[in-house]
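Quick heads-up: structures coming right below.
You will see two complexes here that share chain A, one where it goes with chain B and one where it goes with chain C.
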Partner chain A sequence: WGISRLPALWLKLKRLSLVGRLRRGTEGKWPRLPDSCEEELLIRPLHSGDIYASFQFRTLWDTDFLHQGKKVSHYRLFPKSLGQVLSKFSVRELHISFTQGYWRTMQWGQPIVPSPPGAELWVWFHNTVADVDGNWKELTNVLSGIFCASLNFIDSTNTVQPSASFKPLGLGNATDHRFLRYATLPREIVCTENLTPWKKLLPCGSKAGLAVLMKSEKLFHSSFHSQAVHIRPVCKDWQCSSTAWELRQTLNVVFDLYTSGQGKKEWSLFKMFSRTLTEACPLASSSKVYVDVTDNPELFDLSPATSVLNTAVVLGDRRTYSVYDLTQKETFGQLRSLNLVLRWKGESDMLRPLLHAERYVAGFGLQTGEIHTLIYNNHPYRAFPVLLLDSVPWYLRLYIHTLTVTSKTRENKPSYIHYQPSKDRLRPHLLEMLVQLPPHSVTEVTVQFERALLKWTEYTPDPNHGFYVGSSVISALVPSVVAMDTNNTQERPLFSSFFPTKEESSYFVRVYTEPLLVNLPTPDFSMPYNVICLTCTVVAVGYGSFYNLLTRTFQVEEPSQPLAKRLANVIRRIRGVPLL
Partner chain B sequence: MANFIFLPILALINLLFLLTTVHSNSFETKATQFFNSGHTNNWAVLVCTSRFWFNYRHVANVLSVYRSVKRLGIPDSHIVLMLADDMACNHRNPKPATVFSHKNMELNVYGDDVEVDYRGYEVTVENFLRVLTGRLPPSTPRSKRLLSDDRSNILIYLTGHGGNGFLKFQDSEEISNVELADAFEQMWQKRRYNELLFIIDTCQGASMYERFYSPNIMALASSQVGEDSLSHQPDLAIGVHLMDRYTFYLLEFLEDIHPASQANMNDLFKVCPKSQCVSTPGHRTDLFLRDPRSVLITDFFGSVRKVEITREAVNLTSAAEQPVEATSIRKEPKSEPLSYVDQLPVAEIIHQKPKQKDWHPPDGFILGLWTLILLVFFKTYGIKHLKHIF
Partner chain C sequence: MGLLSDPNRRKALTSLLTRLNTPICVVCYLAGIAWFMGLAFEPFTLRTYMSENAMGSTMVEERFPAGERALATAREFAAHKRKVGGMPVEWLVKTMQARGLEVFTQSFTRTLPFPDENKERYMVRGTNIYGILRAPRAPRTEALVLSAPCSPDNSNNQAVGLLLGLAQYFRSKMFYVEFDCTSLSGFFSHHSGMDYTPLQGRAGSIQAALSLELSSDVITSLDLVLEGLNGQLPNLDLANLFHAFCQKIGVLCTIQGKLQRGDWDTAEGYTHAVQTMMLMVLKQASGRPWGDHGLFLRYHIEAASVRGINSFRQYKTDATTIGRLLEGMFRKLNNLLERLHQSYFFYLMPSLTHFVSIGYYMPAFGLLATILLLRALDLWVQLGTPAQVTEDGAVLFIFSYYKSFLSPSVLVPSFKPSMVISHLTGVALYTLPVLSQETAVEHFPVSETEAVVLTAIAIYTAGLALPHNTHRFISGEGTEQGWRVLKLVALLYLAVLLGCTALINFSLGFILAITLVPAAACVTPHMPKALTALAMVLLSPGCTLLYCVFIFQELQEAPVTLPEGWMLFLSVISQGILDHSLYGSLVYPLLALLIYPCWLLLWNILFWK
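After this line comes the complex of A and B, so read on.
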């Protein structure tokens, strides 16, 4: 398909952009199309020498998927496969992410778009849906076909219904948590086969604009790779009287200094992606590259230099960005290609993120264990509340009476606990707690568990690898040093408008802990075969010999005589003399 | 004298007649070939059944056939690719997102445009048989289905570890040759294929096609019963064997095939003789109705369409102007501005009562009920019955 249609598609793209330009020239007024798309790339050098690149592609479409009467049939920039999913299953919000690697908050700070290792899917359904579980099951199957992932393994044993976390990120005021479903697959592998359909959802595909940089050989040779799709209703315009659908496709990748950078603290687009930028996507209304230069010129220098600077408040910090506008021809210079180069000049100290978390399993043996979750509040004088969501599979039987929350060696009682016990083979444990973190402290949450013995058909083909427990989710409103911008409707870079901000003094952040790998007591699968062999051997030897002894008679047989004697006997028979 | 002139002229006239007849014969053969193969679409089911890093070569086998099949024209929507483990993004792979088939990392068969339909734990005997017979749960997406009809030519390629009469799936289960033969018979009875080419690259592979009994199946295997299929060459940087011998030479053979190629099945049977493969590849054509000599490689590996080239130009009408919904015209009812939901409403959460789905009686109700029953009992029948209880 792809090879023969490439030139035709390219011509169609060119024609579209040409038609657009012609129309603008003749009419003078740009007719307002119902959909638009923007793309941007944020490059942030990290203090450890690594470099963080975050792509965001946003498509805004003013249409009504959930309208019962008229079916949407003409798709332009919005991908048809996702549009049909939204209307068929009455989805209000959809967030799906595929991540390889774990985000190291202590070394890299907070990510722009957080995601846990593996696959994560959470969906808000419309409040007209009668059978949410049925829709959820079918939705996961359809998405597994779209993204080439094993999302069909999401069923009632790993789906939870959080009661306070994961409030909708889009517009609306109904927050009945009966319409929310959340599931993670920590074992899910992310590879080129997930990136291929993800790239095909972009309006320009991977042929023009920022998506040309996405070469899988470079993207997966990194410390962290995460690709996500977020669909939600947002304000159509600054008055915010009606909604439009927003589709955000994000790709975050952290390139390691030693594996991709060969130890040299010098990064360029060519070194990171093995490609340079040559043009913007013709269908995009804005296409920009932002480079975080808050530490420039002391830390590194950037070439080609640009005078366009932009400041934005992101994650509680005011940062300065150099902006490269790809829709302007001058950005590409003489060579018609843009290759940003960052050269480090000196060392710097590590920043301390205000909130981060760790989790590990303690204990020994294959019967019991203990899950410890440590949440660090590094703010010197402010305390703030965090909401901890834990979803533990049913085969780790949690003893909730052993749940303790301690901060600074004193007991810290959570102000809200929601616990839903598990049912064997039906649903997992769900534990949600609202904990107040004292300033400059470590809060430890411990709970003991017992490991269950599964039925022998329930083990995976490689059970000695272990079983994964999904990451804990910590949602918090962290106090901000700088006043956050609460005006959600004005033009802002995409990376600063992912989480909506309601108040100026704090910003919302979501931190994921590591997933756990737990060994369950595993039977010896060769045992049935060994038992059958041994038993059959014993039965064969024992019964066989017994049967032979009973049913066979013994007859004495004359041994055959040597040749000389036989000849002599023949002669004697002829002579009539008795034989030897 | 005249004879000497007459004879060459006669010979020349005869030659001319012969040439014209030969020319018309070639047109006829081309015409018959045009209508020969009865298929209208092509499908491929490519399965790797082995898990774990040291079985890298099985994934490379399948991906090299996938690559050839895609190159010759079968689109991703018509390929069901099943990989039991992930080698490309495996943490032991020194070059992530690549799967090589030749040592010194010459050819990356994984590529940049690959869609795997069944991966990891999804590759089971049950799923494989369900794909073949089409008996999948209703919510299965299209990309995971084999939507073939009675005019489809299907290529089925299996690789992994096998034995005499079975193929091992993922180190935990096996499929036997009888099950496979029955699945193909189900496909035949449901008219799910026109012709089927079955290739298997495992140890003792010929045992897997011994039991076939449905018509129009051609089978190839990399080794006979009692023989092992061997692997080709290891790569010292990656540390494992990269390909199996039979598929390595099959890939070399397929790299020379292009969509217009006229190579036929007899050439495919000659791939990897005993001198190269160490094992003896086998094939089975008795169930196939056509002569293998007249079956083109592209009948199964490619998606060759019969196209008719036309030289006349077609006028396209200009695209109809989309009625742009001007927001000013639409009289929207004045509604209140919508707002985003508070992400962590602490006060609301603390005062939230847990929603109970089942109704439970209030606390102490059961205790109170029993106390009431006991009191009434002793009131009616007297206190002396208390000794029967305690």
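After this line comes the complex of A and C, so read on.
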């Protein structure tokens, strides 16, 4: 207990040597600490020959940020900056991701933690919050500072409140989507300046443990880079008598075979990260490296070999992992460093993920267009429903009456549609649909739109680049591969496999489509001056005179009459006879 | 305008314009032609310069090493093509996959309205094979295309080889999005009823495209082809980029197959520039895509074709150098932050280093179009004169004009039937050739293609007999006034038509104006019939096309004899109709539905009774 009260500076100095020893040595005497952290690295060789590395860091803390009147001020492992944010804005759940690149589902299969290109932020606020929009606005600005990102560009024009697609992942049965805010910034570019603040949130920083591998020059020399922070309330124990807060930081990288590996099919930790592992983070209660060896030994060799294997059903597929426990000294061997080496042996063909999606804009010209979303269900015999969420900026005016959903050339009527029309310069379109995907089919969702002409101050500095439309989100419970394989009775007793068990029969997947880049009608910005001059001249000279010419009545002017005649006319007028 | 609201001055001005109408028209015509010819004179034109910042100042290195390997791939490709007896689709897919691309195919078929004798095909069919090289850490929003057309014959193998070599090389570098396709035209086939299989893989919105045509191992020069469908041109920066890299790497580059000459001040130098520009004008006016890139342009994708030419010149360039050139261009395009938009979209090029912008060439057309307006003004005044009652005739001529023009007795009988009938002839010319080909083949010993072309010519000629028939519908009243109204309408109609055409496709508008404007300006019923009729026929759109065929051959330094020229003329007509049905080229419908009827109106005036 005493350690948690020590000042942060002291902690920083002593963390590496003393604290670890103290904790390990005194586990029996002291009561269980209220917070703990775990770190994990998963390495999965992908079928395309690329390699996927997924870091996960989990910090658990049983405290209550939202408790009224009690201010949490003593932080140990949980980052203070985030804790203060949670309590100040009454955040119930927070998910933020920064991604550079697009996850290639067709080549790589499903990611462990899906995320769309750019930045994504979704937050559930506590249901006591009165001014959700105000809190959201402030929260985005604060997070923008914490993560060094342009999250302050999130405003009402790109924020939506999905009704069904984003349910809380943590405890609590919140269903009122008034307390949910979701926004993406597809244009956000992720770089080292975002990685550094992210690394600072880790208990060991980047000084020890798995985090030493995170060298930005290697992490960003990759095909895909995604970092995320997820905060949610979880059960403290199995009885769930009270809640704890979970902070999960994930980092996913895919290294390219051709550019990094020079075509040689060999991977090692050193090659990937230009570092090897020498120790675990002393603050972590568990520190492990998993290598997906399900396809071993047909596909690759792994060295050093380990006898510890772990089998788990991940994303509907039963996978086997070699486990390297970094807290054990023998893991590091003679050299006192762990450098995993994978040597590819065979070729493998392309995967067919059960669910994947793509999106594009069809049509040409700058007036109208059509957004096509293709959703593939590659399951041979099972139909399953998916939730499609589309958030389209207001400057693409959707013609919602043209919305069509077709699968196998037949109309496929969505069983649930939630549509919120946009308001110019205020809020985007929100379209949510529950669509049943027939087995082994492609479902095409099309909707036409008109491109708005913006005010000239609303264009970005590079208007001819185009405007981004965020990814569609497809959330689904996908029937798992394990359930498909009912003949696999080698590992399980027969009596256990007649009815597919619930946990294994389907799994939750979120698939993001690619963002769109749409060109809007763009004026030639050097032209306004010319146009102003020209129109002014035309209006002043041309229109004025023509108008004059057309409306003026022309009369032949009478020459002035002689005096005698005028006099005579006066007399005639008096007499009432016609004038001369 | 103040001039016009003063009745006396207005009167003076109109009388001046009426009195001097013919001389002014002649001067305008000559000035228009002279202006146009002056466009090729170097001191009058602008030097090309790179407008796009992202491509101008950035440095790129070209290190493509594998030219020999690319040629070996090309030979392998040729061998497979011979073995399969067509496109070796499977081999290509495998080879591209081995180079680390995501490969997809798309097949398409399209039945033409009648067989294409030039390319000997009735059904356009083929397979697009495209590989996508995904850029690392890019969200699939933008793409660049490098394509090579493949045909079953033995051409363009080297281009495919080089494409594959480049793909492999780009794959090993940390490059941006690259989208590499080997295609026949039909890639963008969601128009006009083409049957195609859906695309499987997508890359993002295409920023720019290059099409490579290369049929020999070594080349002497590279030719840049810009003219696309309906006379659309890519942004001038693309041409500048090509030129800049040719200069940097030291490859001879040409446009319209003509090398640049340094001596602009000599007669030969000037003639050379005129020839180059005239070739561009004729190609643009034809409205057909002159390379595979032409189809990209209609989707607002900047694209150009690069064609390797192997002539008898001593100095040769090898495949590695071409590869380096393409690499350099792609790396520069890769640097683009926005689509190419900084430079000109409307231009003519008398050489690769000089260009004529729209502001310079439009006056040439404007001078010709002025003639039509002047003649119309003249007629307007003439029409107004008999209705004047007071001495200040000019004051009232607007009103009297309205009176004469709006009174149904003048309006209906004079020009409406001619208008309707000539347009119906136009519709017949547009639809009948294709519709009646079967009937024609049954009754005459000709092939389908010949039948279509000859029917078109027959309908065109039959239209000449119209004036005699039109009069049956007209109660012969107010003849003198009638033809004037008809001519006024025809003049204004022609002015609007040519004006709109010139805005979209300057070359087409200008070429049509050169012949149609004198015809329209001069024709009256009071001229010697036979002589004028001959002149009118010689100035008709059909004959303009014939002259263009001869001039084009002459400029290409491949002069043809009269019979050959005639055969070429026939094939040009059939190609025009095919281009319209296959790609949606607008020249044929424009000529058949609008220009030809307009000319028929003028023809009607000549035979006015």
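Quick notes on this structure:
Convention: the second predicted complex is superposed on the first by the 475 of 580 C-alpha atoms of A that agree within 3 Å, B and C clash if a C-alpha of one lies under 4 Å from a C-alpha of the other, contacts with A are read in each partner's own complex, and residues count from 1 in each chain.
We take it that a residue touches a chain if its C-beta (ideal position, glycine included) is under 8 Å from a C-beta of that chain, and two chains touch if they have at least 3 such contacts.
Quick caveat: nothing in here was measured; it's all calculated off a predicted structure.
Between chain B and chain C, B contacts the larger number of chain A residues. By the touch criterion defined above, A:S415 lies against chain B but remains apart from chain C after alignment on the C-alpha atoms of chain A.
Look at A:H221: by the touch rule set out above, it reaches both chain B and chain C.
Of the two partner chains placed around the shared chain by superposition, chain C is the only one that A:Q107 touches, whereas chain B remains out of contact. Once the two complexes are overlaid on the shared chain, A:A312 sits clear of chain B and of chain C alike. Residue contacts after overlaying the shared chain place A:F508 against chain B, while chain C stays out of touching range. Of the two partner chains placed by the overlay, only chain C lies in contact with A:R552; chain B stays clear of it.
Of the two partner chains placed by superposition, only chain B is touched by A:T175; chain C is not. When the two complexes are overlaid on their common chain A, residue A:D462 makes contact with chain B and with chain C alike.
Of the two partner chains placed by superposition, only chain C is touched by A:G118; chain B is not.
Taken together, the two structures place residues 100, 220-221, 462 of chain A in contact with chain B in one case and with chain C in the other.
Those residues of chain A that touch chain C in the complex are listed here as 100-102, 104, 106-107, 117-118, 186, 220-225, 256-259, 262-263, 358, 360-362, 364-366, 462-466, 468, 514-519, 522, 541-542, 544-546, 548-549, 552, 554, 556. Across the complex, chain A is touched by residues 1-2, 4-5, 7, 100, 102, 134, 136-142, 171-174, 190, 201-202, 204-205, 298-300, 337-339, 341, 390, 392, 395 of chain C. Contacts from chain A toward chain B in the complex involve residues 1-2, 31-34, 74, 100, 137-138, 141-142, 144-146, 148-150, 152-153, 163-164, 167-173, 175, 177-178, 187, 189-193, 196-197, 215-217, 219-221, 235, 239-243, 385, 387, 415-416, 418, 434, 460-462, 475-477, 488, 499-500, 502, 508, 525.
Per the touch definition, chain B reaches chain A in the complex via residues 51-52, 75-77, 86, 88-89, 95-98, 108, 110-117, 119-122, 137, 139-144, 170-172, 322, 324-327, 332, 334-346, 349-350, 352, 354-355.
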